[in-house]
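Structures incoming, each one as structure tokens.
You will see two complexes here that share subunit A, one where it goes with subunit B and one where it goes with subunit C.
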Partner chain A sequence: MDTVWENRDLILDGFAMTVRLFAVSGLLALVAGTLLAIMRVGPIPPVRWAASTYVTVLRNTPLTLVFVFSTFGLPRLEVRLEFVTFAIVALTAYTSAFVCEAVRAGINSVAAGEIEAARALGLSFRQVLTLVVLPQAFRAIVPPLTGVFNALLKNTSVAVAFNVAEANAIYRRLQNLDGSATIPLLLTLAGGYVVLAAVLFGASRLVERRVAAVR
Partner chain B sequence: MTVALYDEPGPRARRRILVGSVIGAAALLLLGAYVAKRLDDTGQFRSEYWAPFGGAGVQRILLRGLLATLRAAGLALVLAIALGVVLAVGRLSERRVLRILSGAVVELFRAVPLVTLILFAFIGLPELGIDTGPYSSVVIGLTLYNGSVLAEIFRAGINAVPRGQVEAAYSIGLRKAAVLRLVLIPQAVRTMMPVIVSQMVVLLKDSALGFIVAFPELLRSGRRIYTNVGNVIPTAIVVAAIYITINLSLSAMANWLERRQGGGRRRRDRGEARLPPELGVGVPGGTGSGA
Partner chain C sequence: MTRHPRLRTLLCLLLPFAFLLSACGDDDEGLDSNSGGSTEPEPEVEQTEFPEGSTMARLQEAGTIKIGVKYDQPGLGSVSLESEEPEGFDIEMGKLVAAKLGIEPDGIQFVETVSANRETFIENGTVDVVIATYTINDERKQVVDFAGPYYVAGQDLLVGADDETINGPDDLAGKRVCAASGSTPIERIRTDYPEAEPVEFDTYTECVDQLLADQIDAVSTDDIILAGYAADPKYEGEFRVVGETFSEEPYGIGLKKGDDDFRTFLNDVIEGAYEDGSWESAFDATLGASGVEAPEPPEVDRY
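Entry: the complex of A and B
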């Protein structure tokens, strides 16, 4: 137990990195995923194909491999970034494919009558999308998006293998220092993730209640 | 597309779509050309980077890695299904202790990242006197995580069997175990098959985390190649292609199973078992968001 207490700053730093990876790539993935979803439901075929190819490829590639591409592959293309930035690139690229699918499901859940009515009023595709469809879609997808973000929260842990000092890297280091601290360390680590997940779900429920609409 | 976001385009809209297509295609081509040029400038197309994949040695490494991946994923799948059944039955039990215990196990292993579980099995368990290697660490991690996820799927599947079925089974004198074995599980398994197959995709992808503990699975084998040859990007492309091929075949199998079950709608009207929507059957990205 002492090892955990003595190194509390280090452990907190690890979780701070976890939160940072989560927040930055979550925000970027939300934007990129929404754009991808719009591309996928839009009327322009080549754009549609490009977006669906991207989603299919990223969803079927292991995240670890996306990390290899980013952290070890990009430097080969003379892209020089910090390890943290490579991790954010990988997490964003991977997560946006899943955000796209969630948003698309939300768009598909908007009642056809709504869209027909909007079109009958003479709204353009862009107006139908931004004024009628997306606002309703986002209300419907708070729960599935929460699932995607929960996966992202846990996925930040993959960064441990790619030179980012997030929570698991700290665990690994401290465990090497003091083998007897295995169980307390693991419980601290697990507890940290449980707390973060609880915060995420709490926030999601709050958002859901605020945007809940009578349909 | 299920949603009619736009009408059958008229002449003007058709013209606009054509213009959009041309601009979109041009933009994509430009982007593709830029990436290709970047790849070429940094020498990624050099033949010494790609030639090794034609050689028997490299192919043997990849094949061995693929087999290791399939071996770990296969064993973990079988164990996870077993663990999932035990935990699901525990959560549905009439004994409170069992319910709470299984619930706690499920929630814990779903909340903790798979990386943490694998690291614990790899460096934690040996400290506690349990001998694990990379292979068993990966299998333990995958089993604990996917077993918990599958437990929730099984529970939902069993709960989705209409109550009347259970009541009818009890009324003809079956006991609890028999109701579960003869009535609930067969129906639940049928509705859950597609979700179980999609979970297989997640599990197979997650097995690439073996990379972290140096388990020589497919991705780690790729590392052996690129550290020798220096061709990170070509190797990553080849390895990605292998994963994508396998996973797309699995997804195709899930779709086929779902269709074979005779179209969701008809079944629903007859009031047969179906899963609640939050499990994301058939919803793209529903359960497939693991690492």
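Entry: the complex of A and C
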């Protein structure tokens, strides 16, 4: 137990990094995933194909492999970034595919009649999307999106193998220094993730309630 | 191209996989495939009289010996995809020991050990000896005994060939130094050179890959492992080993604690190999292939 207490700053730093990875790539994935979803329902076939190919490939590739491509592949293409940035690129690329699918499901939940009515009123594709479809879609997908973000929260732990000092990396390092501290360290780590997940679900419920009020 | 968006998309998607494939290929062609470690002639098997009841007599009688070795240390103990037989300097040392016990080469069973299970394997008899870049230190001596050292390695730095800024561990302030996660080298960098920025990956191949991509400034582990990378033909002219070691890693042969006769025997084998030149030729055939000269053999510590 001493190891946990003596290294509390280090452990907190680790969780701060976890939160940073989660927040930055979550936000980016939300934007990218929504754009991908729009591409997938859009009127231009090549754009549709490109987006659906991206989603299919990223959804079916193990996250570790996406990390390998980001951290080891990009430098070969002369892209030189901080290791944290590589991790954010990988998490965003991967998560946006799942966000895309959630948003698309939301778009599909909007009644076809409404879209036809909007078109009949002479609204452009963009107007149909931003005024009619997306606002309704996002209300429908708060629970599935929460699931996607919960997965992202846990997926940040893959960054340990790519030189990012997030919570799991700190665990590995401390466990190495003091093999007898395995159980307390593991419990602390699990507790930290549970707290973060609880915050995420609490926020999700809050958003859902507000959205429901608007409806 | 612009008229074939589908084709372009496909190419863009396949490109990453091409990189992954080539990266995998790199791993497999380690130092060992180029060094021809198996060209070393087998040591001559000798039949000696051993005192009854000794470990030597027991092994000689059985005609087999189980030797714990590493499978992932190019030049020292590694298994290539082609040969499936371990090869390297540690392996040659094992063959020397077996020959002096009167054991034919096909009586040698190499067992893979990793750093974490070496003491256990010796204690519970999974192996008779461990020859696996096994650094002699006091903590380990409480559990097992060591013959040797038969080689002294030291932590060193691998840098880009044209990097003039790093000429020793004191130049590491603000530099990104890569070593394997959980290894002694990464902890030494962290504690002894706090101004350096430690970078951790699971394997040294990954570190070398990042050095090649200029994402880091140096790779740090035992000099002899770094020499293997520097000399690898596919990295020709890319790297240099700084050559100023900042630790001592005396490699010993691990055996069961308290078996003093056996330890004396193993020390005799090591000294005998120094004298008759078989130590040096084993070195030349394995580690020497990376262009490293055989050093003066270290003095055996008969504690």
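Definition applied: the second predicted complex is superposed on the first by the 212 of 215 C-alpha atoms of A that agree within 3 Å, B and C clash if a C-alpha of one lies under 4 Å from a C-alpha of the other, contacts with A are read in each partner's own complex, and residues count from 1 in each chain.
Here is the rule we go by: a residue touches a chain if its C-beta (ideal position, glycine included) is under 8 Å from a C-beta of that chain, and two chains touch if they have at least 3 such contacts.
The model shown is predicted, which means the values in this text are computed figures rather than measured ones.
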First, second, both or neither for A:F83, with subunit B first and subunit C second: second
First (subunit B), second (subunit C), both or neither touched by A:R172: both
Contacts of A:L65 with subunit B and subunit C, given as first, second, both or neither: both
Partner chain in contact with A:L186 - subunit B first, subunit C second, else both or neither: first
Touching partner for A:V57 - first (subunit B), second (subunit C), both, neither: both
Touching partner for A:N155 - first (subunit B), second (subunit C), both, neither: first
Touched partner set for A:L91, first subunit B, second subunit C, both or neither: neither
Partner chain in contact with A:N163 - subunit B first, subunit C second, else both or neither: second
Partner chain in contact with A:I115 - subunit B first, subunit C second, else both or neither: first
Residues of subunit A contacting subunit B in one complex and subunit C in the other: 46, 50, 57, 65, 68-69, 72-73, 76, 161, 172, 176
Residues on subunit A engaged by subunit B in the complex (per definition of touch): 41, 43-47, 50, 56-57, 59-65, 68-69, 72-73, 76-78, 97-98, 100-102, 104-105, 107-108, 110, 112, 115-116, 119, 125, 128-129, 133, 143-144, 147-148, 151, 154-158, 160-161, 168, 171-172, 175-176, 179-180, 182-183, 186, 189-190, 193-194, 197
Interface residues, subunit B side, partner subunit A - complex: 1-7, 9, 13, 17, 20-21, 24-25, 28, 38-39, 42, 44, 108, 111-116, 119-120, 123-124, 127-128, 201, 205-209, 211-212, 219, 222-223, 226, 232-233, 236, 239-240, 243-244, 247-248, 251, 278, 280, 283-286, 288-291
Residues of subunit A defined as touching subunit C within the complex: 46, 49-50, 53-54, 57, 65, 68-69, 72-73, 75-76, 80, 83, 161-163, 169, 172-173, 176-177
Touch list for subunit C against partner subunit A, complex: 5-6, 9-10, 13, 16, 19-20, 23, 178, 181-182, 187, 199-202, 206, 209-210, 213-215
